[in-house]
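The following pair of complexes shares a single chain, chain A, combined with chain B in the former and chain C in the latter.
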Partner chain A sequence: MEREAIRSKLTEIFRDVFEKAELEIGEATTAADIPAWDSLAHIHLIVAVERGFGIRFSSREMQSWDHVGEMMDCIAEKLSQKA
Partner chain B sequence: MKDFFQLKKNLSKDVSGLKRLKMAVMGDTSTQFLVQALRGLAYENKLDLQIWEAEYDLIDQEILNRDSGLYSSGASYVLIFQSSQQMLNHFYSESPQDRSTWANRMMSHLQMLHRQITQGMNARVICFNYAEIDDAVFGNFANRFSASFLYQIRLLNVELMKYAGQHADFLVCDLSSLQNRLGREKMFQASLYVNAGMILSVDVLPHVAGRVLDLILALEGRFRKCLILDLDNTLWGGIAGDDGPEHLQIGHLGIGKAFSDFQHWIKALKNRGILLAVCSKNEEKTAREVFERHPDMVLRQEDFAVFIANWENKADNIRRIQQILNIGFDSMVFVDDQAFERNLVRAHLPEVCVPEMPEDPAEYTEFLRGLNLFETASWAEEDADRTRQYQDEVRRVSFRGGFPSHEDYLASLEMKGICESFTDFNTPRLAQLSQRSNQFNLRSVRYTEADIRRLAGDPDYIGLAFSLGDQFGSHGLISMVVMKKEDDRTLFVENWLMSCRVLKRGVEDWVLNAMVQKALDKGYQNIMGEYIPGPRNAMVEKHYEQMGFTRCDSGKWMLDLHHYQSRKTFIII
Partner chain C sequence: MHLLDAVIGKIAELDPLHGKKLRASAMMGEPSYLADAQDFLEQYQVVLKGRGLTLDHAVSCYLQMIADVRYESVQFIRSGEYSSKSFEEVQQRVYQSPGVMEYYMHGLLLSQFLWAHHYDTLCFFRKALHSVRQEISGYLEVGGGHGWYLREATRILRPHTDFEMIDISPHSLEMAERMIGEASVRYTLADVFSVKDEGLRDFICLGEVLEHMEDPAALLNKLSGLLKPHGYLFITTPTNAPAIDHIHLFRNCGEIRDLLNQCGYRVLTESCASSEDMSPEEADRRQITVMYAALLKINSE
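The block that comes next holds the complex of A and B.
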């Protein structure tokens, strides 16, 4: 999946989880940019991303991302392994 | 079943007009997601479930401290979720010589917590049992070694069952059997446990919330009483009218085993007290012939309270069944192998539960078991007899046709009644009547066995239990009245309820005579009644007016005992 396609799908998932239809995310977005992004929402987000892309993150990966770009790296890697 | 994300969307929906229930949830691991799933699923069941959630891993502290939020939460249900993961950690911290008594000590601790809760608030406790973890420290040897975790956690589950069997306000929610069905892989996601302390995977949350709500809804009087069954390719393989009874697949013929097993399960439900009805597109004679002639049929005609086989549409036939049995559509389950029939019934009778059936009959029984359709809050010996009681009713209906007036009919029934106070013997049945009666129920106050015992010993309360029989058979306990001292002159009817099986027999006249007599014996001058509208009790909206009470400014109803004229009744004491 192309990087832009991943970002677009991820945007949809973020909008759904945070219940904000106009939410935009980019590579540099962090938890600090989205007020509702607390630890509970983080878990919700992880499960929604796992489901949306049909992948499973390891417990280390869940803690490793500093911004959305790194999460996208992780997704892209998992998808390429799957292919 | 809706998934967690769909349920979560319900949390922002409008709950006004829904019945409100308060609950407390306490866990030794993170419970926020479970709470969201519970509230979301409650909304699907037309409930506004308000949940007070304890701080993470503070079960003991919240319960032992009377000033804690638990006791001011006003919750009528307290859910305790101790996870087997945390139990395992606790178990490992024990010294090896103490491990073989671990389950018993855990159970004593839980009993102490339960007592604290019941002393501090009027709530029922729902406790999850323990989803087994085989820690594989001893392998299969664990089964013969009492100091292994597997041995102790299983023992603890058994101790929970024993304790729940003795305490009506302590309920077990069976997480362990849910894990057996879904598998530990699906139940538990290690990465989420490590990162967020979550014991239950997101996929499994709706199932777990479902098991909790099944329990609560049953206690609130919402449970299913009747299973309506199609015949061809549902109860047996093949089509009776086309194939002939001898070629139908039941027992050893073809895939008959699937249908035999299914019938055995249905028979067990019937023996528990679930009413069975046939609703089949068939000639009645053809359908009955299978029951009469096929040697491998497990179910017999006498297992069914109602038998309808004709060519009319099934929604109309289910309406007829509803009229005969006089129970709500929402207490019915309809099982049919044909998608067309299922969809027709869903479209016309949305309250009837219509499970989507698997294609393969071999899967019928397992699939339906998994839905836990027949939760119950209690069981009494009388339940097993329920089919016969309804069959008696069907005979009464045809008997009634032969009388010129309703009064002639009532007189000919030779009804005999028994009025008694609340005793140890009638307490379980009273609790059950209070849960089951929704229509003839003036204030919808429900009583548990513990409630009944408490008010039986309270001098300010008068409780009356009414049983009825007639020449066709016994109805058992059919009505109860709870009256409470308002002041020296006045008794207030806290609740008056009656089983709908005995409507239109003048039972309420007999009951009121008994209430008045009891009140006069105790020196009261008035009886005050109140009707509180609920979702299903519109039937008794004008009850007090019809019984000769006078409306007060407060909207309540008053009866002056000294001018009371005993009401005419056909019930002999």
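The block that comes next holds the complex of A and C.
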């Protein structure tokens, strides 16, 4: 999956989890940019991303993202392993 | 600088998502809480210093526990169940592992003052114990963990009260002894099911233990046998709280009340504290943790 396609799909997932239809995310987006993105929302976001992309994250991976770009890196790597 | 600011600042630096949650907590604006947290952290700092450690060690332990909780929470949403299924499994994974116990106990201790539902429950415990202190000459803590509840009890109950803590983890007993300091307490490394002296206890505290059991009813029945006929049992146990060592899943507070009733207990007073900013009923519906606590008596009717 192309990086832009990952970002586009991830945007839909973020909009769904945070219930904000206009939400836009970019590679540099962090939790500081989205008020509702706290530790509880993060757990629901992880599960939604896993289900949306058909992948599973490890405990270490879940702790390692500082911004959306790093999450996208991880998703891309998982998808390439599946292919 | 307030020690709480320093601790939360360090947590936010290392785990911004979690720091955000802590800073948003309503209790952060309450003067009585802030004074209590400062007092706790000052005392905790002294205990840590005795081991050549600082509050940075506690923060590091706490964040390891948070990482575990985060992973277990994802597993819980995936499966609808706790990941650990048997006591033996948890015994190997946690209780008999000094490294895990070290970070887990310090992490849990810090959570008593950082998580609103843990702090509310601690306050409820203090109030409940104060309400019956004149009747208590013997206090037993079962599965005392880090020992902070027992420490509080030694300060609330009357002089010459007999204190005992029973735990299956040597690490917990050592930590509790350090936390409690000079107060006279018997520390017993044992499984409570092996205790024989029945009908002698005025007050038993069972803080966050039932969820660690394969059969919580068996433990509640055992404890009713250890209590005096008019003795008190104080329990806390969470609903929907995935953790590395939780086995029995209570899905709502009603399930806990039903179990207590089935085991012959009467609730004198209770507390339900949600881990998020929502009612306990809403939290139950969304499978979010609620800490249930109750002061109980054996139902004599």
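Heads up, the rule we're going with is that the second predicted complex is superposed on the first by the 83 of 83 C-alpha atoms of A that agree within 3 Å, B and C clash if a C-alpha of one lies under 4 Å from a C-alpha of the other, contacts with A are read in each partner's own complex, and residues count from 1 in each chain.
Methods note: a contact is a pair of C-beta atoms (placed from the backbone, for glycine too) under 8 Å apart; a residue touches a chain by one contact, two chains touch by 3 or more.
This one's a predicted model, so the numbers in the text were calculated from it and none came from an experiment.
J.: For A:Ile43 in the superposed arrangement: first (chain B), second (chain C), both or neither?
T.: Both chain B and chain C are touched by A:Ile43.
J.: According to the stated criteria, A:Ile6 is in contact with first (chain B), second (chain C), both, or neither; which is it?
T.: neither
J.: Once the structures are superposed on A, label A:Glu19 by its partner contacts, choosing first (chain B), second (chain C), both or neither.
T.: After superposing on A, A:Glu19 lies in contact with chain B but is clear of chain C.
J.: Mind working out whether A:Ala31 is in touch with chain B, chain C, both or neither, as first, second, both or neither?
T.: A:Ala31 sits against chain C, while chain B stays out of touch.
J.: Check whether A:Ser59 is in contact with chain B, with chain C, with both or with neither, and answer first, second, both or neither.
T.: Both partners, chain B and chain C.
J.: Taking the stated contact definition, name every residue in chain A that is touched by chain B in one complex and by chain C in the other, in rising order.
T.: 39-40, 43-44, 46-47, 57, 59, 62-63
J.: Can you tell me which positions in chain A touch chain C when the two form their complex?
T.: Those residues of chain A that touch chain C are 30-32, 37-40, 42-44, 46-47, 50, 57, 59, 62-63, 66.
J.: Could you pull out which chain A residues touch chain B in their complex?
T.: 16, 19, 39-40, 43-44, 46-48, 56-59, 62-63
J.: Please output the residues of chain C touching chain A within their complex, sorted ascending.
T.: 15-18, 20-21, 24, 66-68, 70-71, 73-74, 77-78, 276, 288
J.: For a test of understanding, state which residues of chain B touch chain A in their complex under the given definition.
T.: Residues in contact with chain A: 4-5, 8, 12, 32-33, 190-192, 194-196, 198, 202.
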